[in-house]
Amino acid sequence: MCGIVGIVSGSGNYVNQEIYDSLTILQHRGQDAAGIVTCKDGRFFQRKDNGMVKDVFRTRHMRDLHGNMGIGHVRYPTAGSSSSAEAQPFYVNSPYGIAMGHNGNLTNAEEVAEEIYRTDLRHLNTNSDSEVLLNVFAHELMQQKKLFIDHEDVFNAVRAVHKRVRGGYAAVGIISNIGVVGFRDPFALRPIVVGKRVTPNGTDYMIASESVALSGLGFTLEKDLAPGEAVVITEQGDIYYQQCAENPQYTPCIFEYVYFARPDSMMDDISVYKSRLRMGEKLAEKILREWPDHDIDVVMPIPDTSRTSALELASKLNIPYREGLMKNRYIGRTFIMPGQQLRKKSVRQKLNPINLEFEGKNVLLVDDSIVRGTTSGQIVEMAREAGANKVYFASAAPAVRYPYVYGIDMPSASELVANNRTTEEVAEFIGCDKLIYQDLEDLIDAVSVGNEQIPKFDTSCFSGEYITGDITPEYLASLDTSRNDDAQSTKKALGQETVGLHNGS
Amino acid sequence: MCGIVGIVSGSGNYVNQEIYDSLTILQHRGQDAAGIVTCKDGRFFQRKDNGMVKDVFRTRHMRDLHGNMGIGHVRYPTAGSSSSAEAQPFYVNSPYGIAMGHNGNLTNAEEVAEEIYRTDLRHLNTNSDSEVLLNVFAHELMQQKKLFIDHEDVFNAVRAVHKRVRGGYAAVGIISNIGVVGFRDPFALRPIVVGKRVTPNGTDYMIASESVALSGLGFTLEKDLAPGEAVVITEQGDIYYQQCAENPQYTPCIFEYVYFARPDSMMDDISVYKSRLRMGEKLAEKILREWPDHDIDVVMPIPDTSRTSALELASKLNIPYREGLMKNRYIGRTFIMPGQQLRKKSVRQKLNPINLEFEGKNVLLVDDSIVRGTTSGQIVEMAREAGANKVYFASAAPAVRYPYVYGIDMPSASELVANNRTTEEVAEFIGCDKLIYQDLEDLIDAVSVGNEQIPKFDTSCFSGEYITGDITPEYLASLDTSRNDDAQSTKKALGQETVGLHNGS
Amino acid sequence: MCGIVGIVSGSGNYVNQEIYDSLTILQHRGQDAAGIVTCKDGRFFQRKDNGMVKDVFRTRHMRDLHGNMGIGHVRYPTAGSSSSAEAQPFYVNSPYGIAMGHNGNLTNAEEVAEEIYRTDLRHLNTNSDSEVLLNVFAHELMQQKKLFIDHEDVFNAVRAVHKRVRGGYAAVGIISNIGVVGFRDPFALRPIVVGKRVTPNGTDYMIASESVALSGLGFTLEKDLAPGEAVVITEQGDIYYQQCAENPQYTPCIFEYVYFARPDSMMDDISVYKSRLRMGEKLAEKILREWPDHDIDVVMPIPDTSRTSALELASKLNIPYREGLMKNRYIGRTFIMPGQQLRKKSVRQKLNPINLEFEGKNVLLVDDSIVRGTTSGQIVEMAREAGANKVYFASAAPAVRYPYVYGIDMPSASELVANNRTTEEVAEFIGCDKLIYQDLEDLIDAVSVGNEQIPKFDTSCFSGEYITGDITPEYLASLDTSRNDDAQSTKKALGQETVGLHNGS
Amino acid sequence: MCGIVGIVSGSGNYVNQEIYDSLTILQHRGQDAAGIVTCKDGRFFQRKDNGMVKDVFRTRHMRDLHGNMGIGHVRYPTAGSSSSAEAQPFYVNSPYGIAMGHNGNLTNAEEVAEEIYRTDLRHLNTNSDSEVLLNVFAHELMQQKKLFIDHEDVFNAVRAVHKRVRGGYAAVGIISNIGVVGFRDPFALRPIVVGKRVTPNGTDYMIASESVALSGLGFTLEKDLAPGEAVVITEQGDIYYQQCAENPQYTPCIFEYVYFARPDSMMDDISVYKSRLRMGEKLAEKILREWPDHDIDVVMPIPDTSRTSALELASKLNIPYREGLMKNRYIGRTFIMPGQQLRKKSVRQKLNPINLEFEGKNVLLVDDSIVRGTTSGQIVEMAREAGANKVYFASAAPAVRYPYVYGIDMPSASELVANNRTTEEVAEFIGCDKLIYQDLEDLIDAVSVGNEQIPKFDTSCFSGEYITGDITPEYLASLDTSRNDDAQSTKKALGQETVGLHNGS
């Protein structure tokens, strides 16, 4: 999962500060790396590096980011790319000069990479599927064979991209002398919105992963890009939309609502916040239905994401809601001293219980989801040590049983606690007295009530149903191999080697 | 307000990582600067700089912090010291080698600084009252005129310190070859606790500003230091306590409970969390009593501190509690580009409303306190823009009318919105439809229920009653002069000059 | 003037350290910026930044420079490129992945840049003519339209490059999966040599600006590339040479011998050191011939370059040689304090006279050349202050009257002290009692004795005769405009903006 | 060996830039670390760190170095202090505030350190004898028991220092509100000069290790401090001298002339440059006397120090002087790659031969001295590889047979190649065909001709005669133990631990 942003200021202002600001607002979508590319007089200006937005950009970098159009990116390691791959946006100088960043994952990245090299003679210097996407786009734009291109040529290139690549992707690019382009995969798996701000000096446009970035900067939400749709905002401030996919299907990723998006975002016309309230409501109904004689004394969220649904759950159950787990906002590092081994990071460094909220009570802990189960297990143990009588656990999402392949970093199947376990077995694994999972239909209901126009959601990690139709058992098996811990460390080693080409430092 | 910590590992382990960890747990008490001094074989090792804990300490620094005893400090600019004064701990080499850091404010720092120079011939190189405190302590220890000192000599020096300095202070020091010392002012204005951890290899002791630092590292709370009390933990792991003040009075600062301390801390045997629940309860009672026909639709905290009391307030009023203001966790900088002016930082960068929780509703916003009133005003305005019908405002603390002089950074009297205003005038200033302040007696009740042994609290910023008896109108006036904005900037300039002596970089 | 290097280790060793070492040996050719690109398994690894070699490369960078082939560059600001243009090597990913650095100056860079954009649709993001050269080369290689290319294709591309660009250039490039390429302009204006080192595990090859880089690493000089010649060293360690120009002419730059090259280099089969000895000899002969009754007491070099010729000059004149001007090896910066103006850097910071070598004597100062005349003037003044009776001045090179356009940074015509002045007028300008310039024929003789095969040298800055035939008065006038001081500072401003694309930091 | 400087600007200018400039001029005396302390309005400002002057001081540091008086230091690791001890100046705050740096070595540092702790209760946090010297001085100043001290009190303190410490030392200190002090040990072992500069606004004074720092800044040499003499320059610009030793003896270190000082310095009224000319002359006489039928073809210095004497030697022998060994001015690092061992640094990285100056010739290499003999051996080998027929070697200094204990870093006795070897054996060790050492009387003559007032020089490393009378065989043995390679690395480890107290970074 990553965050993307693009701004063209029709009013002629420099966009560096606003791209920076919007990247901080989208920081929750990726904290590994950050980058900005702006363009002025046909020339690009770039700064990117590993780290948080506030650490990557210093005054000296900001002063060198000229121009009234630009794009930005915050990176989160995704399934298809190594964790130490390069920061985005990426850049190619042929044709025209193009920079691009994306959120998502190409499921056929390897084949396309091979094609790019064999047919297009283009060199890829990293394992990142973003470099693949940029080069496909660049090649297709080159195929227009024009000295001066316009938005139609850009739409043609996007159309060709949709044909060559598969997977989930929301991308933002900048083309020298042309403008900024945004596009969304034909299944609308990854989110992307367009906003507008009218000023006395002209109209500014913005593309972003989430609406919260728009509102934070005073833009109003124009629309979510439809599946397969692209938008071009020219340097002069004109905007054009076009559907570039042949068979678009509206199936956004439901996990955005469960966990990833900020609650104050509107996503595909659905309030993330409200969908979480409804998740709590649905959970309460299930508990009342299936466990009418429950003895829960207090409902307690595991901060921060589940707070919204836990509050509504408590309210519907008519049971006190208490915040008995305090989050340490400032997390430090564990240093490896000479001759020492790395101490295991425990959940203790992140959460601290207020014992008197636990002592002698039957506590229902609420989390947004359960993935590996190890953290959940540590929290259950912490609750018992804090004096809880019984510890129940509710998950606002159903059991996560299948790997996610469209751009959220998730363990491979073999690492998912629910992969081959019943609910009771998972409860046993995490050590709680009872475990309640949200039902999948309830989750779908909770989200889709917000926008009845959306026929279907991608629920692959719960249902195993992959909407793009190309996720074979072999693909999943290869993922499993490449994502197990040993492979990770090898990848990391390779990844480290790849750092450097565009990052001088 | 600052955070202090000291650890002696009787089990012989290096304490650098644990001091670091505890400083991150205490980071909320000061984010300006951080420092650690450890001691091994009679030699000190130090690292300190401006910045957050995670930025100040790198692996190379940690590797140089040797020894099984050490102290740490996080700094917050306080009334008596310039914002760019040096990071703590400070160090003097005569006598014995001593390093010290403190939380609080000496109200007679200027006179004592003069004395130190005239009588003791000691040079002070900063404006920091911590350097004053250290030099008084050092001088008094020198007066013991011994080559080998023990805990009794240290207690004698603390006794003399209590006689020479006035104000609120909780200090931690380290003396080469002796051990770690902690002491608390005779009014117990600033908090300081002692914890213990028994291991198979020996007993470790820890001194800290708040109990949450103890529990986070697996120490159990032994005791809060009594007013005027001191503790010495020798390098060998022995612990000694002694009352060093002549007329100690137990009057801890009530603002710690309102705002500063972490909710999961126990402070002078009172749960901060519980005291906040009771503040909400008291507020609810006041509303029901004085405004029985209120038309509040929803209770909403201004995150993060007021969440606990707002939740209880809603519960007692039997009105829905909703978190409609989302906090931006990642705040970036505003860069000054050539030829630009600094844009005013608005509350918009910190908070984002979820409109649907406001639309058409009568909202009661709850904050822990109101100081200058400007932020409160911006939030009220934001609530109206988000569609609120009526905006009410409740403060878990009474009106802040007087400057605080014992170590919390607060504006001077003339900057306090409630200084010369009635509640109605404050409501008008911040633009809300109704304003409810906690009553002072209710606040005292809410806190003191936790520990009936405490006869009185310092409530000076609400009541104007200064427990140390030396706060004259002249003193307050001088504060006012030195703290107004122009003076601040001058101080900053001077302050910058003073940086450097102990900080090579 | 810049320095270039390329190494392929047929014995399979990593080349990062050796490229680094050779860049330090070539550091005198450019101290503005440094860069290295290596290649392993088809992937590039890069580090470049402004600064000296020892400052640009840290351990963390070196560890990321993998592979047994690579190229390096040290940059000196040249006529055609702004002083803050990007560090080299540059990189393009289409086709194949190519990185390149060069020493020299393209005199038709602007036209070619326009062509590249219009015909090839390639974007140039800097003002550097090196980016132009790389993109022409890349485009021509693309024209081979092959998936797998070999050395013949590379030679074809070089052949096309020679047709499109004009000026002086010695370039080194690296092509992913292919190997390292070096080529020299058809006039051999800039130097480039090839060396070989046989090891038990295979044969290593090296390309460099000067032979001293070869010998410093234990390589033996194979040959100087002929005018227009190219060399390809494959990743497997095979080496191929080919003449790629249609009408090559051997006219190396004579200024390399006068000033730029290290004395211990062999350049086009001529010992730089020996040529300087002969320059001294020729000067002595001229003095004896034209000024037989001279009253010179002592011959004194202006360190460091002229030491060799001054020593021989003294020897031939049979007059004592003394080193009375001491060079400060460690030069610091002049800091601009708030409210201060930059103090003018005087020659005093660089040179210090030993007065007793001057007192009462007639001193003949010897320098390699006189360009602007300001430094010479300051040194003459310094000699007088040190007590010299008379101060004579000899230049081992003739009067510099014309701008240099093939890659040595030299002032425009209007800034050259000898531009419109007679020898007597120059003497008056610099304040000496007598000035002796080397005669041009003597200089040519001094150099060409070393290698009678070279029919002619580029002597344009002395003679105004430009070998490439395309240097029009208009071109020189445009240089004058763009190089005067105001233009420089504007360029600098623009230049700063351009920094960043490939340099993340 | 270190360099010291102190400036008081009676004309009221800031001294930061001039101290910086003079430290770069003295950089040859120490390249390990650099530091500056200035004083304004009684407050100190400091910057110090490991590294070269140009790397230690950035604009931000310079801007914080306020005041019209200050001191500076460049450090070289000396016999008595560990190589990673702290940068100087050191600081103590009791009494008055004093900072100090010194050049030299205290031979009774350990005893005095013990005294300081036992009697004065002062803590030393490093192994540096400079910290010892500062604390002795501080204690003695404290003994004056005055609030306001003047130059007489300072002289009294220096007098007491001379009684407590032994060894060679030239020190510069700064006392808050008082001024700058300089003093020289009673044997005048280490150099220190005072200079003066009259300006329209007042008179500036400067103290420095060498006169070249004075002349470089436009100061004129007032005097060398006599043995035991001290100078006080008050903040107001008054200057006072006083003899503070009881039995001063003028015995400056002869090695300063041989190797350490810059040739353009006047030291104790002797021109270093002229003394080196005379060393060459004496050597020539010895060769002519003892080896009248020599077959030397060419005289060649090993750059840079021996150039002066080699030139005169060649002139007196009437044999050509040639500079056939070129020095690499830019030395890079050797990086340790994972899995690699550190490659041995060879003399090849520093020197490069011009073969044609060696081929078939009998070469006389001239160096200033021979210490361990390993580098000399490598150079002899290099000369043979470059084609020399015979390689002779001359040393401008006599055989170094004894350790130096007064502040020049030199190996212990067992590491000196001449320690237990005859001249022939040393010749064999370094592999030359003949070796000529300067005779000690000749060296003394060569230097003392410059100033007949100096009765004697310290020649201990040649003669084994230690002027301070306290250098026992036990002391030398302890040196040997502590300076052998293993001990060095242990010290280094300890040393690293000690870094940090005054250096925040």
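Read from first to last, the chains carry the letters A, B, C and D; within each, the first residue is number 1.
Note that contacts are C-beta pairs under 8 Å (C-beta built on N, C-alpha and C of every residue); 3 or more make two chains touch, one makes a residue touch a chain.
Molecules present, by chain and UniProt name: A, B, C, D = Amidophosphoribosyltransferase.
Since this is a predicted model, take the numbers as computed values, not measurements.
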Next item on the list: With one step meaning two chains touch, work out the least steps from chain A to chain D.
Entry: 2
Check: Among all the other chains, which ones are in touch with both chain C and chain D?
Finding: none
Next item on the list: Averaging each chain's C-alpha atoms to get its centre, pick out the one most distant from chain B.
Entry: C
Checklist line | Chain centre separation in whole Å, for chain C relative to chain B (CA means) | finding: 62
Checklist line | Geometric centre distance via CA averages, chain C-chain A, whole Å | finding: 51
Check: If you average the CA atoms of chain A and of chain B, how many Å lie between those two points?
Finding: 37
Item checked: Of all residues in chain D, the ones touching two or more other chains -> none
Note to self: According to the definition already given, which pairs of chains are in contact?
What the structure shows: A-B, A-C, B-D, C-D
Checklist line | chain C-touching residues of chain A, taken from the complex the two chains share | finding: 40, 42-49, 61, 64-66, 87, 91-97, 118, 120-125, 135, 138, 142, 147, 176, 496-505
Check: For chain D, which residues count as touching chain C in their complex?
Finding: 14, 16-17, 20-21, 23-25, 27-28, 52-54, 57, 59, 62-63, 212, 215-216, 262-264, 271, 273-274, 307-308, 311, 315, 320-323, 326, 328-338, 348-349, 352-354, 356-357
